[in-house]
Every structure is written in structure tokens, then in C-alpha cells.
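These are the structures, in C-alpha cells.
Paired with subunit B in one complex and with subunit C in the other, subunit A is shared by the two complexes that follow.
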Partner chain A sequence: MSGLGLDLRWIPRALGLGLLAFIIFGPLTNLVLWAVAERWYFPHALPLKYGFSYWVAVFAPRGNATGSLVNSVVIACLTVVISIGLAVPAGYALARLRLPARGLILLTLLIPQAFPNLPVYVNIARIFYQFGLNGTVLGVVLVHASHGLVYAVWIATAAFSALDKELEEAARSIGASGLRTFVDVTLPLAAPGLLASAVFVFLESLDEFTGTYFVGAPDVTTLPLLLYTAGAGGNYQIASITALILLVPSIAFMLVIERFLRADVLSKVGR
Partner chain B sequence: MVPAVRRPSDLTPADDLSVPYSGDPMPQTLLGLLLVTPALAIVILLFIVPLASSITGAFEVDGGHGLGNFAKAFELYANDMAFTVVIVLSSTALIGLCSIAISGYLTLGSNPRAVAILRWLYRWPLFVPFIVVGQVLRTFLAKNGLMNSLIVETGLLTASQTTSFLDWRGIVIAFTWKQTPFVTLLLAGAMASLDRSMIESARNLGASRLRILFEIILPQVLPTLMVGLILGIVTMMSVLSVPMMVNAQTPTMITASMAFRINAYGDYGVANALGVVSLVMTSAVAWLYLRQTMRDHR
Partner chain C sequence: MGGYLEIVAARVRYGDVEVLKRIDLSVAKGEFVALLGSSGCGKTTLLRAIAGFNPLAAGEIRVGGRDVSRLPPDKRGMALVFQSYALWPHMTVDQNIGYGLKLRRMPATAATARVTEVKKLLGLEEFGQRKPGELSGGQRQRVALGRALAINPDILLLDEPLSNLDARIRLTVRHEISALQRRLGITAVHVTHDREEAMVMADRIVILNEGEIAQVGTPTEVYNQPNSAFVAAFMGAENLVDIDVRVAGEAIEVAEGPQNRRAVLRRSGRRLESGRAIARFRSDAIRLSTASATSAEDGDDGLLLRGTVEQVGYPGGIWRHVVRLGDRSVMVDAEDRFDNGAEVHLRIPGDRLYVFSEAQQ
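So, the complex of A and B:
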């Protein structure tokens, strides 16, 4: 009897979970299909011919994807260097040092999350134009860094706050200088958190579209811009291949940080 | 403004550091300010200054000041503004419902295996970039996209009965698809940290799980839900790729209208006026929320 009851209760469960799986993986499957479809037209539910000829075209030495990929990676790396380079001292100061107007500083760092950033990018583009930064890699990096920096400072502040102060005090008491203590004790201890924020900033930069669209285009083409132009031109294979390239690092990151996404870790957010 | 959001202010305050190093060459305050200044300067120069100039720029008309840009913006884009409000509100409602349903099942689900599957399943869209969401849904929801092809294949509809979802519905679907996992993550976290004893005793008294969810759990996690939804609204008002890729015709969202105003006409005045409208919309939501919280705390 109880076995039968259990079986029956799996019917709504399976229906619900199946529907959710379709909603989530249907569109993603569609993307993979488009990436390997040679010929696909209505009313055929599945591609008529599969192959990798578009991949060859995309990654050909003279194809535009290689250049965009290099651009994207260079921009993302520079963004990480700037964001983390500025966030580590700022995070340390916010977590450990006595600061005047600390609340005001934190509020200023929250503002980019509280306002829509499209009007901001529009005006950055106008300001950058006067300085000749429009259409340059540096201009795009600065826009990405201003966005990534905010996350990086939050995470760095959290990482430094979580450290046990006694270890630093012990180092100081046996005569290490402040800088030496920071480099040899504090920084290695905070490294996991800082690394996570570096990866996060890297991905944010890799996926960023709006700022690059206003500041970089058409001179600096990144993968999201290539995806957009290919899609707008109706070239769904190239757009889908580009989308897959963008998707892989993001999903990998999700699987890596899965343990940080546990409910108990996040229970303090927003309270 | 959403100061009540993920707060670094919850972190350990600096004042519990009892300044043990009297031999510092520099006073701690000065050192702290020196360390914070570069990051702060970038945020001020590259976010707050452009934000301010988007507001002042909206009032600049032919060298003077006036409301001309707003008049033009309302004359040309009133439809788009209404469209934006409808899209953002319906997406927010859907995101709220879906995240309550998912996190509710994660908290109260009786079958551990079903809960585990759901937990594995729901968060996939979280890390799919918006630009990829736009591309994926454009091909999936089109009149001859995979979704309609599969429906035709199953015989539910014929090919001539299918419709394209690439209009306001497409944008709502895209936002809901992408944003629900984030709000669910926050909400499930808040629910997991609740005291289980009240839930257990309600269950022992025979309350249904639906009733426990809506009468005991939800009132306690409402602040978290609100924060998640407001962050979602700010995001929806910032994303350009989804409206441009999913819904290419008019009416469209004012984000796409702003981009069009600049690309086609180089008209920063009207674009900034539209920007101010979008700022007012998000601030209004945040203000309503803050007022409610203040009232609740009184």
C-alpha cells in the first residue's frame, strides 16, 4: 500500500520536474543544436545535416571569432588586474583600519548596484570621446573595471573581515613590519576569497555587452559584440558557436563554486 | 536607491581593532584613506559622475536648460515607457511566484530525492550570460523555432497555428528564465535559516504545507524576497541585449530606445531624458519598499 502511494506521488513530481527541465534545458539544447547544424529549416524539428564546417570557419585564422576571443580575454585579464589591484587595499582598509565616513564610503560603493547602468554607459561614452578613449581597449577595460571593482571590493572586504586577527598580531609581536605581515600572513590567508572574486570579475568582463557596445564598438570587438552582430545578421550558427564559447567558462564556474551556493551560506544575504 | 541590499556594512566594523601597533609610521586613518581612495576614485569618476551628467544632460536644450528633451521623449516614446513598465512588472510578478514555488518546495518538500533534483535543476540559468539568453531564446521562441517545432511534432498544434513569442512575451520569458534562480537562491537561503520548530509544530497540528508556506514562512522571508526582486528590477532596466535581440520591433523597452536614439541620431538629450525616466522608475520601486520597511519597523 505504502509502495503504491509513493509511486502515485511521483506522477505530479515527475511532471513538474520534467516541465522545469524542459524550460531550462530546452533552450540550451537548442543552442547546441544550432552550433552543430549545417542545414536546418522549418518545419523540421531537428537539423537536416550536422557538421562542424561553421566551427572551422569561425576559428579560421582569418575568421573574426579568433580576434574577438583574443580581445575578450585580454580585456578580461586587464580588468581583473585593475579591479583586484584596487580592491585588495580598499577591502583591507574597510575591513581592518579605522576609517572616517566609513558608512559613506560603503554607500558610494553600493550605488552602482542600485541604479540602472545604461544611462551611465551612455554618458561614459560621451566623456571618453573627449579623451580619445572611445574605441580603445583601455576605454573598454576602464568601463569593465568600474563595474567589476564594486564586487571585488565587497568580496575582498568580506575575505579580510573573516580572517583571525590574532595571526597578524602574532606576526607583528615577533617584529614583522606591517607590510611584511600583510604580504606573508594576511594575503595568503585571504587568497581563496580573492581568487573567487578574480574569477567572478573575469566572467563579468567576458560577458559584458552594454558598456562595450557604447564604448568599444565598432573598433573593439569582443565575443558578446560578435554574437550580437552575427545574430542580428541572421547567422545563427556563428552566433550559437560564440554563445557556447561564452557559456562554457560560466557553467564551469558554477560547478566549481557550487559549495558556496549552499543555502546556509546565503542565508544572511538581504537581512 | 537600495541601501538595504547585500551589505558590506554587516561586516565586522573596523572600530573593534584596538590599534595595537603604536609604532606605525603613519596614522591608521590616513593609511586607510590612502588605500581606499583609488577604488573610490574609479567608482566616482566612472559611475557617479556619468550618472550625474545623465541627469543634467537630460535638462540641457540648445545651450540652455529646459524640459524640451522630456517633452520629446514622452511624445515619441510614451508607448515604450508603458511597455517597459508592463514588462518589468509582469516579469517581477512571475519571478516572485516561481521563486516562492521553488524555494518553498526546497524547504518543505517531503521527498529528499525530488528536492535534490530540483536543487540541481533550478540554478542552471544563473550563470548563463544575458547576451546568451537573448540568442538562445530568440531561436527557441521564434515562430519556426524549436519550441513550436516540438509542439507541432507532438500534434498539439499545426504549423499554421503556431505563433512567434518574440514580442513582449519573449522579453518577459527571458527575464523570468534568467532571474528566477538568483531570487530563489536568496529566498531558499533565508527559508533555510528560519527556526524549524514553528514549522514542525504547525505541521503536527495538521496545517497543510501550502498554508505553512504562505502563513508562516513567507511573512518571515518577505524582506529577502523584496530585496531580490528590487535588484532584479534594476538589472532588467540595465540590460540592453535582451530587448534588442528578442524584440526587434516597436514598441520596445526604453533601454533599446535609448540605444537607438544615440546610434541613429546621436541625440544624447532625449536619450538622457529616457535615462532619467528609467532612474525614476527604479527609484520609485526602491522608495516604496523603503517606506514600507520603515513603517514596519516603527
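So, the complex of A and C:
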């Protein structure tokens, strides 16, 4: 029967979807299981004892998690302020003014990403040491900003390029100065794109490990550093709980992107 | 002549290309001038130069005797209505219309009253709280116009504001805009590629061709006395025949040709030299008859052409014939239908015939 034939043709598709679901949700399940496992060792497929005692330990006043979380958030916020503060004028200039080496400037911003991270950060750490920036929040923020600026400038450029120039000209023609036009028309209309790039920079900073390790550790501890220490010490529960905490802003980011970043902005990234 | 808006020897360049080549134009206060031309003729460039968005490479733009060529757009006292309307999507209709007043620091109560007045003028009373995205094309067009009118601009600039509207709405909005302009006494410069729109709206029409002014005149002048073959063709005289002329005082003698009979036309101020010439005429300026019926009639101030009907169609009201004249064909409208292959005579009265020396082109 045709019904049976249809069912048969669904089998490979169902298998494919199942595999995809496993690839996506497998590690997540493992993570969640580890976060609530009290005792779990080979060859058992599932934890032997469940409980929240590690959560208590992580968030206990003596545990480093709360302090690291606060550090992470403060650093991420400062990074956003610096990156967006620089990306708004830079992105506007790249999008609107006829700069001769526009493509080159956009590419130059990518250079920190083009080289292997480790040697770059080791050198940054060496230079920062001379200025007394090592082990300070400012030092870590600067390292994160060098990283976040790329995304911020690229996305801000795209957000401003996607804006119809005539909307600004309409304001100029009925008497608004250049600055007034920027504040009243350009900025509000580019806000969704700028917001998305801010969230992106925030998450990048929250997740950043290598730079923080070389410039900040051991004086400045962030969540990824805590996760690394816990993971290296074989303490999978602490590591999983930290990872889950880091996951929350990522999901929030997806929702913001979905809500605010329009396709016409995305299509202009890098142009 | 002391115009209110004066453009003197204005040139605009994009890189090496000269888009506007020495434009001289004077617009009186309260006058409605249409810049008419096909796409790429520089009409929008000229409008944007007046508004201050295209810098002049040379020349001057004066408003009321004051040179504004170096001023930024916001200091020129003009308002531009864009083809795309360019309404701000994050503001309501009220905020869009009131923005110019906010910039001028008008007190809130006075500004609200002015916005209400403008909305009433344009029939937008109910839409104050809507965003532009929730309006139809015609309503957006009126908001764009209202935003420009709210600030009482010295000069209103319109960049093809009707081209995005349905054909039917366009006809009514045409009359609305010109009635409004006359009522408010605003000086207006209107860019369009639509001949009829320019004819019915404007006091004067400026026809642009490749960055130069081809002719300036009232609608009747540019329609009935085109000064060049280009203007004649642009104003609808698409039909074309080659003739030989000899200018003798106040008369123009047309020599007998393969398609035309010998004729004598009154000169009526035509600038013309003896020699090869072209004659242009509209499809509705012709009296069509069978070859045998008119053979006796002589061409006095009128041209008689001989041709063969090639095609007949009925677009409504009249019959439209395609008539072959040697290696050219012309369109002829007639009350009566002539069959395919019929030998016909076309008689064009002298005052409907636009003759230009071939060298003039």
C-alpha cells in the first residue's frame, strides 16, 4: 500500500533526525546528569546517587563560584561598554563615509583572530606586565575587548549599512543637524543590530578563557577559569554546574538574536 | 529677472562624469516648476543639488538673493519629499509630522495644534498614532508630504512623490498636491518623468536632457512650440518624416519628396535653415483620407504625405493606424477605420507640424 511505502521512506529521515538529536542533546544530557550526580563511576551507565550537594558547595560563601560569577559579569559588562563605545563611531564611519580602504580596515580588525591565540596572549601578558595591568580587571577587560571589538565593529557596520540613507536625509532636509539626525534617527533604527552585537560581545567575554588565564590568573578568576580548575582536578560535578551556568546567557542570546537581528542586517555583515 | 530660487551656472560632477552641465534656472515665489526628463537626465541630481545633498562643482544656488550653495541641507529652509517617502518607521505619524517642529523648539501645545492642522489638511486625522508600516502607500505619501509642509518650508522639493502610487490614486493626488501648493502659496520644484503629471501640475516645465536644460516654458509652450526635435519627441510628437525645405522670407517651401507632396508652410517664427530637415507630429494631429478622395486638394500651410496602412487597432475612442511611409512608419489616429493595405493620404496642418533642420540636432 502507498501508506506503507510512505512509512518506509520515513525511516532514513527518522534515523537522521535521531542522530542529530543525539549529537545535540547527548552532551547536554551528560552535562545535566553530572550536575546532579553524587556518585557515578564506570561501568555504570547512569549515576548511582542523585543530589544537589555540589550545587550547595558551588554557591556556598566559601566556594569561589559566586565571586567568579560576579567577576565574569562585571568584566563582560565593561567589555561591552568599551567595545560598543568604539564600534558605534567606527561602524558608522565604515558604513557611511566613503573610506578608501574600507575592506582593508575591516580585515585588519580580524588580525587578532588570524593568529594562534596562545602566542598572542603570552605577548599581551608580557606587555601588560610592564604597565602593571596583569592580574587586574582592566587588563582582562582590554584583552576581551580586543577580541569582542571584531564582532562589534563588523555587526555595527552591517547594522548601519542596512539603514536606508534617505531616512537620515529626510531628517537633514527638514532641519536636523548631523548629530541630531544620528541621535534621533540613525541610532534608534540601528539599535536592534547594536543590541545583538552587544549580546555577542557579552557572551564572548563570558566564555573567554585563554586571555583571562594569561592576563588575569590567579588574581582575577572568572567562571571559565573555575570550570578549568574544577575539570582539571577531576571534579566533573563542579565543572558541569559551572558549564550549566554559562549556558544560561547563551540561550538568552539565541532568543535575542531571533527577536532582534533582522535578515537584512545579517546579509550586510562583512560588506 | 529676480527669481526667488535662482540656480546660476550650476554644475554637478560624479567623479569624472559631469551629470549637470551648466544649469541656469529661475523660479518665482509661489511658482510650481516641474523638472521633466527621462531617467538619467539629471533631474533628481538637480533636485538633490538644490536640497543640498549634491555639492556643486561650480555655480551658485540662491534663495531670496542669498547664496545657499555652501550651506548644509538643514540650513537651507527647504523640505524634500522623497520618492521612497523615507518615513521613520520607529515614529508614529504624529511624531513623523511633528519632528521638524520639535527641531525648531516649538512649544508642545503649538506643535500639537500644527500637527493636527496638517493632518486635517491631508485627511490623516485618524492615523496619528499609527506607525508608517501600518499605512497604505497613499497614506504614507500624504504623511511624507505633511512632514515637509509642517515646517512651512520656503521651498518644497518633490522627488517623484507619485511614482509609487496606483495609477488611479495618482490622478487624484496630483490635483490634491497642486491645489494645496496654490492654496499655501509655496514655491515648489517637482521632479517627474511623467509628461502628463508635469503638464497638469506645473506652472512651468523644465525639460532636461543629458544634464542640460532642453527647454523651459509653460505647459502650452513646451507642448505646442517645442524648440528642438528632442522636446517635440518627448512631448509626444513621435512621428517623424524627412523633408527638404527652402526658407524664403516668411514662408517655408517643402520640396516634393518620395512620400510628400510639395507644400508651402508659414514660417511662424520657426528657426530653420534651408536643406535637409525633419518634421515631427503627433498621431492625433493628422487628417487621414483615402488617396483618391484628396488628390485634388492642394497643400496650403499643411503637409500632405502618401502612405499605406499596415496595421489597424482599436485602443478605444479612435482607430489607431500604423502607416508605412517609405522606410519609416508613423502612427495615425482617425475616427474612421482604414483597412490594411489601403493607400492613404495624411494631412498635417502647419501649426501642428514641428520642423527642425537636420543640422540642429
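As a working rule, the second predicted complex is superposed on the first by the 250 of 271 C-alpha atoms of A that agree within 3 Å, B and C clash if a C-alpha of one lies under 4 Å from a C-alpha of the other, contacts with A are read in each partner's own complex, and residues count from 1 in each chain.
By definition in this document, contacts are C-beta pairs under 8 Å (C-beta built on N, C-alpha and C of every residue); 3 or more make two chains touch, one makes a residue touch a chain.
Keep in mind that what you see is a predicted model, and the values were worked out from it rather than measured.
Enquirer: Looking at subunit A, does subunit C or subunit B touch more of its residues?
Expert: B
Enquirer: Scan A:D164 for contacts with subunit B and subunit C and give back first, second, both or neither.
Expert: The answer is second: A:D164 touches subunit C but not subunit B.
Enquirer: Using the touch definition from the top, say if A:A176 reaches subunit B (first), subunit C (second), both or neither.
Expert: After superposing on A, A:A176 lies in contact with subunit C but is clear of subunit B.
Enquirer: First (subunit B), second (subunit C), both or neither: which does A:V120 touch?
Expert: first
Enquirer: Just checking: does A:A60 make contact with subunit B only, subunit C only, both, or neither of them? Give me first, second, both or neither.
Expert: Neither: A:A60 stays clear of subunit B and subunit C.
Enquirer: Check the residue A:V256 against both partner chains and state whether it touches subunit B (first), subunit C (second), both, or neither.
Expert: Neither: A:V256 stays clear of subunit B and subunit C.
Enquirer: Just to be sure I read the superposition right, which of the two partners does A:V248 touch: subunit B = first, subunit C = second, or both, or neither?
Expert: Neither partner.
Enquirer: Is A:W154 touching anything from subunit B or subunit C once the two structures are fitted on A? First, second, both or neither.
Expert: So A:W154 only meets subunit B here.
Enquirer: Considering only touches as defined above, state whether A:L15 meets subunit B (first), subunit C (second), both or neither.
Expert: neither
Enquirer: Go through subunit A and flag every residue that touches subunit B in one model and subunit C in the other.
Expert: Touching subunit B in the first complex and subunit C in the second, residues 169, 172, 178 of subunit A appear in both lists.
Enquirer: Going by the contact rule set out above, which residues of subunit C touch subunit A in the complex?
Expert: Within the complex, subunit C contacts subunit A at residues 51-53, 72-74, 78-80, 82, 84, 86-90, 99-100, 103-104, 147-148, 151, 153, 157.
Enquirer: Mind pulling up the subunit A residues that touch subunit B in the complex?
Expert: Subunit A reaches subunit B through residues 9-10, 13, 17, 20-21, 23-31, 33-34, 41-46, 86-87, 89-90, 92-100, 102-103, 105-127, 142-143, 145-146, 149-150, 153-154, 157-158, 161, 165, 169, 172, 178, 203, 206-207, 209-210, 213-214, 224, 227-228, 231-232, 236, 239-240, 243, 246-247, 250-251, 253-254, 261, 263-271.
Enquirer: In the complex of these two chains, what residues of subunit A are touching subunit C?
Expert: These residues of subunit A touch subunit C: 164, 166-167, 169-178, 180, 184-185, 188-189.
Enquirer: Under the touch definition given earlier, write down the residues of subunit B that touch subunit A in their complex.
Expert: Those in contact with subunit A are residues 1-15, 17, 19-21, 24, 28-29, 31-33, 35-36, 38-40, 42-44, 46-51, 53-54, 57, 106, 111, 114, 117-118, 121-132, 134-140, 144-147, 149-150, 152-153, 159, 177, 185-186, 188-193, 223-224, 227-228, 231, 234, 237-241, 244-245, 255, 258-259, 262, 268, 271-272, 275-276, 278-279, 282, 286.
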